[in-house]
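The structure appears below as structure tokens.
Residue numbering begins at 1 within each chain, and the chains themselves are lettered A, B, C and D in the order written.
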Amino acid sequence: MKKILEINNLKKNFRTERIFFGSNKIIKAVDDVFFSINSGEICALVGESGSGKTTIARCIAGLETFDSGSILFKGTPLIFKTKEERRKIQYIFQDTYNSLNPRMRIDDTISEPIKYHFEIKGQKLNEEVNKLLKKVGLNESFRKKFPHELSGGQRQRIVIARALSLKPELIIADEPVSNLDVSIQAQILQLFLELNIKDKITFLFITHDLRIVYNLADYVIVMKDGKIVEQGQTQKIYSKPQSDYTQNLLYSIPASPFKN
Amino acid sequence: MKNYIIKRLLLIIPILLGITIITFSIIHLTPGGFTTVNLQMDIRTSPDSIARLKSLYGLDRPLHIQYLNWLKRFVFFDFGNSFLDGRPVLKKVAERLPATLLLNISALILEFFIAIIIGVTSALKRNSFYDKSMTVITFIGYSIPSFWLALILMLIFGVKLDLLPISGLKSVNFDFLSSGEKIIDILKHLVLPVFITAFGGLAYISRYVKTNMIETLSQQYIKASYAKGLSENIIIYKHALKNSLLPVITLLGLSLPGLIGGSFIFETIFAWPGMGRLAYESALNFDYPVIMGVVTMAAFLTLLGNLLADISYAFVDPRIRYR
Amino acid sequence: MKKMIWTGGIILVFFLCLAIFAPFISSYDYKEQNINLRLQPPSSKHIFGTDEFGRDVFARMLYGARVSISVGFLAIAIATLIGVSYGAISGYYGGLIDNIMMRIVDIILTIPVLFLILMLIVYLGPSISNIIIIIGLTSWTDIARIVRAEVLKIKNFAFVDAAKLIGLPKKIIIFKYIILNISGPILVYIVFGISGAILTESGLSFLGLGVQPPFPSWGNILTAGKDYIHTAWWLVLFPGIFIFLTVFSLNILGEGLRDFFNPKLKRE
Amino acid sequence: MGNIIEINDLCVNYRTQNQEKIYALRNLKLIIKKGETVAIVGESGCGKSTLAISLINLLPENAEVSGSIKIDGKEILDKNNKELQNVRGEKIGMIFQEPGASLNPIFSIKEQIEETIKFHKKISDKKILKDMSINLLREVGIKDAERIYESFPHQLSGGLQQRVMIAIALSLSPEILIADEPTTSLDVTVQAQIIELLNKLKKQRNLTTILITHDLHLALELSKRIIVIYAGEVVEDGYIKSEKDAEHPYTKALFEIIPDVIKKRKKFKIIKGELPDMKKIYERCNFSDRCNFVHEKCREISLELVRADKNYVRCLFPLKGRKK
């Protein structure tokens, strides 16, 4: 299989901000990380808070700079110089409330990237927006609404539609369902699966929920304190976890079947 | 902690430099100036004597040299002599500072004291008639032109009722009073200016305290305190009050600029012998050394006050104390 | 909250109308002197009385409204323009740029603002345009600081990241995604700023450094009147009340808007 | 064993700023026996947290309450804050979501444990207070109790903060412990430790424990009796161990949509639609729009909580028992 993303020796340090006294410490947010994602796969990045998973994701999307190492997208380093390169990697956020500009109608939110990247106007743009809304399970009536009029699940669908509008090849989803109710979570997760299967979009899925990962991901990367603890095919990780940490994570799943 | 204080003290230097450079540029780069205004009016002054005067004060040298000269003397706490009466600037400032500090510190204490009470009580009785009337009263204080209020109160209490003195810090017969009477005399002189200053500042501080208090009361640890079965008094006066008053320390630090040297309108009305009037007179007369002296001193005291506020904040808030 | 916005708004609109329709409201000329009619108390002919030159005080108040209010609005327009761009640049770019820009603000804030204004006016002369420019140039720091703080907060929101992911140009991100979302707090500061500028002008007039006669401003009408305070109370009372009411209405409006835009109070 | 909590016809609604009403709890009935452990499960906005704070009568000002809550036979809804002081803390201990926010940031742990004991038990001897506090901290599994005792909240991790909160909640030896989403903001491994601790404490102290959570599996870890609420109503109440025991379609669906980790499916079962509008009261089954087993009749009449097979369910066509 072709690799869509390769990450080598990635390092990123944060300096803690010193508000009053004491010296500032250096936190190794991402410490020498290697992994790659095959085209068309769903890869899950698993870890607890502060493990560095979001930092990696933001580095890949170009929202954050890194100190050393390389990130290759289809074999070439990412620099986000061209529009074309920019649109191919999209990001879905955890906080559904702040993901949408509160002053923009849904219509504007979805059509803005299309206008900017594909220079489509008028009726064609109109159709495109409707098509995207339909794809994420919403109807045309949402176009006139503002974000605060929607539920968390609906907002997350809009965010997904906005990401899809750019026809991305890789979507990074950063805890996209952890702020949603369980009955809404499953709907969104199913949508991701469909996009992966029908539209062949590759996903880097960040989560701390090992139940979701098992049913969603092809490949799992387990992180702790900025380092990769373990990585491998999902089935393998779940049936034969190599590290104590992964084992501990599996035991800690509520009503975990691994305990006995 | 020590390092922090030293760093902050060192940071005062560039800020003071910036302030003196700005002030220096304003007074020297703008048209008009000491020699033009004070001397050219006089027909008898020959161009020759202007030049002589300019060189006497060093005003004929390039601006940056003038500034460096000023700075050189400033390092040794020498602010030079006044152009007007030739007396040392430091001495003139030292004469005026106590009156300014007396007025402003009394006003500040009164203002914060009343404002905190209003803020806290309004937060506890939110949307009540009391809350609404306090809002209106404090906003009247905030909106009323202080010099106008001063005029009216002087007219009522000073002239019509003859209850309070309306100008200066002391009565004419001050030197002949007993020490007890002296204190009462000064206090009487303080009443109107302190009241008017404090009245104007109430709205801002009381609103700030009120918003803080409301926000604190909605915090989860307040809910948790109720769940522990603590009494309402403990919850409000220990948990909520302390947390909501912490940021007020910063506000105290922020309200310092302008207190020293910025209250000249006020000091003019009450003929208060303070720094504000000194600043005002020196600006009108283009008395450069005094202007520089007043601005530098005011800025220095303000920066020091800010530093003290920050340090005391750090001492009261464990989140900063133990990092 | 809504009551404050309405009360403030209505009083403000009333004074704006007085200023705009001044020639239609009073038939007197604000500069027409009549020595025979000096210092007349309020009457049906001169409802606010006359001044020491026998001019109609009401007419002078109406034209004074034009001067005082426009000084407030124009000065703050300048301050807003500077403050918003300064704060937005400082907050958006952050790092060293932010550090330097904020130290500069610290320096300006440490000089007593009124004194700075006083010096500039003494040296540049108290023409109306100078007063507007000087007040504008010295009152942008508050807006700059609030804009910076809000930009710092909002630029970390996911929707700003989303705009970056689309690849939108910086100026669209700053304006459509950031500044548009902080227009609430900016408006609040504009309103408070105008009230502050009107007070500043009247204070300067009181020192004889504000708008110069024969142009009437509320401040200089009041100042001229203070010499006659014992005999002609109306010369002091009416301008004081006009200044007070205008400033009061702006402050109430500002406070109401502040509560309106405060999400924390909204949730309750 | 006697009933320690009896809730009857409890209705709570919140008035919004636009003077609309949100009906958070609707005619809720619930009886909890002494020493029992109960888990209340529901999605956000279903009223489970409202229920928790109703139990100590700590609803916000914009709430309107009717009905009755009796603790040990005594009504608590008609009592004011002062009268409730010997119920809160002494009878009922409570811990919340986000332990960091439950601790006052400017007081030390020592101060926050001791103030409760000082106020209620009128003890002022410093030595006794310290011993009591240290013992409590040890009981909740804090090893270096002496150091934690002197610290401030921000110096502790989320797990430690929650342990401290539990220590404070137990400081007056209450009979009832209410845990409102105690682990939601914590990491999974820490969550497992806290649940283990709660399991230990409830046995050691013979506590009546009420766990409020959105996580059905977490509920199963702690409690045999599960109460599922949906749109402000109890929809199922009974002993549930797994999907097989569910008698209400919503409970069954909740089990189904949470993916298991035994058989990989690469498919997620879903419950269609969204939660109902809590500003409206419908005269019908609130779940009918999303139910896979819906019948015309479900949309016509409102239902009561009645016994189906083993559990009490609010459903015309329960999955077990009462089959038509």
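Please note the rule applied: contacts are C-beta pairs under 8 Å (C-beta built on N, C-alpha and C of every residue); 3 or more make two chains touch, one makes a residue touch a chain.
Every value quoted in this text rests on a predicted model; they were computed, and no experiment measured them.
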Subunit D and subunit C - chains in contact with each: A, B
Top chain pair, ranked by number of contacting C-beta pairs: B-C
Averaged-CA centre spacing for the pair subunit C and subunit A, given as whole angstrom: 48
Centre distance in Å when subunit B and subunit C are each reduced to the mean of their C-alpha atoms: 22
Mean-CA-position distance for subunit B and subunit A (Å): 53
Distance between the centres, which are taken as Cα means, of subunit D and subunit B, whole angstrom: 54
In subunit D, residues with contacts to at least two other chains: none
Where subunit C touches two or more other chains, by residue: 268
Set of subunit B residues in contact with two or more other chains: none
Residues of subunit C touching subunit B in the complex: 103-104, 106-116, 118-120, 122-124, 195, 199, 202-203, 206-207, 222, 226, 229-230, 236, 239-240, 243-244, 247-248, 250-252, 255, 262, 264-265, 268
Subunit C contact footprint on subunit B (complex, rising order): 14-15, 18-19, 22-23, 26-27, 30-33, 135, 139-140, 142-145, 147-148, 151-152, 155, 159, 203, 207, 211, 214-215, 218, 257-258, 260-265, 268, 279-280, 283-284, 286, 291, 294-295, 298-299, 302-303
Residues of subunit A that touch subunit C when the two form their complex: 61-63, 80, 83, 86-87, 89-91, 93, 95, 98-104, 112-113, 116-117, 159, 162-163, 166
Subunit D-facing residues of subunit B, complex: 219-221, 223-232, 234, 238-239, 242-243, 246, 316-319, 322
Complex interface listing, subunit A residues touching subunit D: 48-49, 151, 153-154, 181-187, 189-190, 193, 208, 210-212, 214-216, 234-235, 238, 248-258
